[in-house]
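After this come two complexes, each holding subunit A, first together with subunit B and then together with subunit C.
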Partner chain A sequence: MGTVEYIQHHLTNNSIGEGFWTFNMDTIVVSLLLGALIVFAAARLGKQLESGTPGGFQNFVESILDFVSTNVRDAFPGHNPLIAPLALTIFLWVWLMNFMDLIPVDLLPYLYQLITGDSHAYLKVVPTTDLNTTLAMAFTVFALIIFYNIKIKGVGGFIKMFLFHPFGKFFVPVNIVMTLIEEVSKPLSLALRLFGNMFAGELVFLLIALIGGTLAVGAAALFWAPLQVLLDLGWLIFHLLVITLQAFIFMVLTIVYLGMAHDEGH
Partner chain B sequence: MTELGSEARKKSEQAKPKPALNFLLLSAGSMFTSMIVAGFLVGYALDQLFDTTPIFLLGCAVLGFIGGIQKVHRLTSRIDLPAETKEEKDEQKS
Partner chain C sequence: MSINATLLIQIIAFVLLVWFVNKVLWGPLSKLMEERQKKIADGLSAAEKGKHELELAEQKAKEVLKEAKAQAQNILSQAEKRSSEIVEDAKVKANEEADRIKAAAQAEIEQEVSRAREDLRKEVATLVVSGAEKILRKEVDASAHNDMLETLVKSI
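Take a look at the complex of A and B:
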């Protein structure tokens, strides 16, 4: 397999259906499994909560909860019991989906090919390198933004926001288009940032994996294989930072956007 | 608490430095880009609606550009330092 085919093969989803109704099964299954993992871990922990001296895992989860609730308190002006759980879900879920990037790129596809017996079966294990996932999450947040905009400000207030923001009352047509652009850009920037960062990260992992795949032949492996390990380790450590940061930014931006929807003076 | 008191409290809450929000600066670039892209999208939709290609497409792209600059400027002009460093900075100024 050539290098181009190798990369293309790794970046193609295992999908069924065609056209608009294409379902990327690997994305759906992996993200659902990760969501189920969160629910399972939370349910298990919920059964054995200790109030005295919490164990290691409870301690860890409590520190995450604390971190998220601090951020919500910092960035969110109003009171809404939905925001903190939403932020926590987004943070954990996006982080776990991003974390799939750190699993060796060939491991899961190889196992999948062994199980199915089809040596050309596609499997893209990182759900966030699929634009569908990130856009779906961004549109969910966008729907919440519009819902709370209308709920807090009323239909009149929502229309007023379109008419008189940002240039005052003398530029009403421009304001409408401008606010429209601003609103559309919110889910776009959320989705494209996460997708872009994760896709690029995955691509670098693939390129590093190609060092071993193409150059390490015979005695040359003595030089290239250690280099691959070194590069992989370096990028892995850096990427661990990136995935955390991206999950964090997705969470904070959700809070900020929803906070703006709750801010009546806006 | 009176209405006035809660209002004042809200003000002081808003004035508090929020260093966590500084991470948003990381996304200033993608915000700018997405504003332009959103401009093109909205312009394209409007053009399809009124059959006026390419007037709205270009106009909205320019508006998106302006809005993007405005947004990034607003974002970068309010960097929140942690409380202590902010006080130190204020002292240095005076």
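Take a look at the complex of A and C:
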């Protein structure tokens, strides 16, 4: 298998359907499993909640909760009971989906191929390297931004925001274009930033995997294999920061954008 | 990596997950943490209140002690005053009693003296009469010289 095929094979979703009605089953199943993991872990924790003497896992979850609610308090003016759980969900879910990137790139596809018996089956295990996932969250956040913009400012206020912002009443056409760009760039930047980081990260893992995989033939493996392990370890440690940072950025920007939607002075 | 219907599924999944997280994780846990925070704050304020009350009680105790001391001092001085009064009173009464006793004794003595003098005068009169009788037995007729004798007795 050539280098290009190897990479392309890894970057192709296992999908069902045609055209728009294509379902990327690997993305859907993995992301749902991770979501279910959150729910079940939370439900199990919920049964043994302790007010006085929280155990290790509860402490851990509480510290995440505290972290999220601190961020919400810092970046979000006013009060909205939806923001904190939304931010928490984004942080946990995105982090878990990003974490799939740290599993060795060939492990899950190989296991899947063994199980199905199809040595050519596709499996792309990181849901955040699928633009559908990141856009889905970004669009949901975007819908909330528009909803709260209209709810807080009223329909008139929302239209006024397009007409008179940012340059005042003498530049109405310019204002419309500028505000449109500003608003549309919010979900797009959210989705593309996460997708781009994860996609690139996955690609680097694949390239590193290639070092040992294709270049190491015969005695040369003695040199290439250790190099691959070393590079993989380095990128893994670095990427651990990246996935956390990306989950954090997605969360904070969501809070900030929704905070802006709640800002009446706009 | 084209955009397709996966997007819709992921939107639904995301919305549901937010709902679930709010229901099973954020809701109960943040409530718990809030309750704990409140409990701690209440405990701290109660401790502060207790401390304040202790301070007040200590101050009050000090005041009560001071008052009691002052009262004791007062009582003591009053008792002293009273005792000295009693002593003074007793002295006065004793003096009076002594004067009275002295006066009574004086009167008795005077009475005794006058009685003794009377007795003595009678004794002497009798002695004089009997002496005179012995001397004058022969020549003085008692009845003839009775007037003279009477005057003699009276003059003694």
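Throughout what follows, the second predicted complex is superposed on the first by the 266 of 266 C-alpha atoms of A that agree within 3 Å, B and C clash if a C-alpha of one lies under 4 Å from a C-alpha of the other, contacts with A are read in each partner's own complex, and residues count from 1 in each chain.
One rule holds for everything that comes next: contacts are C-beta pairs under 8 Å (C-beta built on N, C-alpha and C of every residue); 3 or more make two chains touch, one makes a residue touch a chain.
All of these numbers come straight from a predicted model, not from anything done at the bench.
J.: Contacts for A:A43 in the overlay, against subunit B (first) and subunit C (second): which applies, first, second, both or neither?
T.: A:A43 sits against subunit C, while subunit B stays out of touch.
J.: Tell me the contact category for A:L192 with respect to subunit B and subunit C: first, second, both or neither.
T.: Touch partner of A:L192: subunit B, not subunit C.
J.: Check the contacts made with subunit A and report whether subunit B or subunit C touches more of its residues.
T.: Counting residues of subunit A touched by each partner, the higher count goes to C.
J.: Which partner chains sit in contact with A:F248 here, subunit B, subunit C, both or neither? Use first/second/both/neither.
T.: So A:F248 only meets subunit B here.
J.: For A:D74 in the superposed arrangement: first (subunit B), second (subunit C), both or neither?
T.: The first partner, subunit B, only.
J.: Touch check for A:N24: first (subunit B), second (subunit C), both, or neither?
T.: Touch partner of A:N24: subunit C, not subunit B.
J.: After the superposition on A, what does A:V174 contact: first (subunit B), second (subunit C), both or neither?
T.: It touches subunit B, and subunit C stays clear.
J.: Figure out whether A:T89 sits in contact with subunit B (first) or subunit C (second), or with both, or with neither.
T.: In the superposition, A:T89 touches subunit C alone.
J.: Using the superposition on A, tell me which residues of subunit A are in contact with subunit B and, in the other complex, with subunit C.
T.: none
J.: Tell me, which parts of subunit A touch subunit C in their complex?
T.: Contacts found on subunit A: 11, 13, 15, 17, 19-24, 27-28, 31-32, 35, 38-39, 42-43, 45-46, 49, 51-52, 58, 61-62, 65-66, 69, 82, 84-86, 88-89, 92-93, 127, 129-133, 135-137, 139-140, 199.
J.: In the complex of these two chains, what residues of subunit C are touching subunit A?
T.: So the residues of subunit C in touch with subunit A come to 1-11, 13-18, 20-22, 24-30, 32-33, 35-36, 39.
J.: State the interface residues of subunit B toward subunit A in the complex, per the touch definition above.
T.: Residue positions touching the partner: 10, 13-14, 18, 20-21, 23-24, 26-27, 30-31, 33-35, 37-39, 41-42, 46, 59-60, 63-64, 67-68, 70-71.
J.: Which stretch or stretches of subunit A touch subunit B in the complex?
T.: Subunit A reaches subunit B through residues 70-71, 74-75, 77, 166, 174, 177-178, 180-182, 184-185, 188-189, 192-193, 196, 245, 248-249, 252-253, 256.
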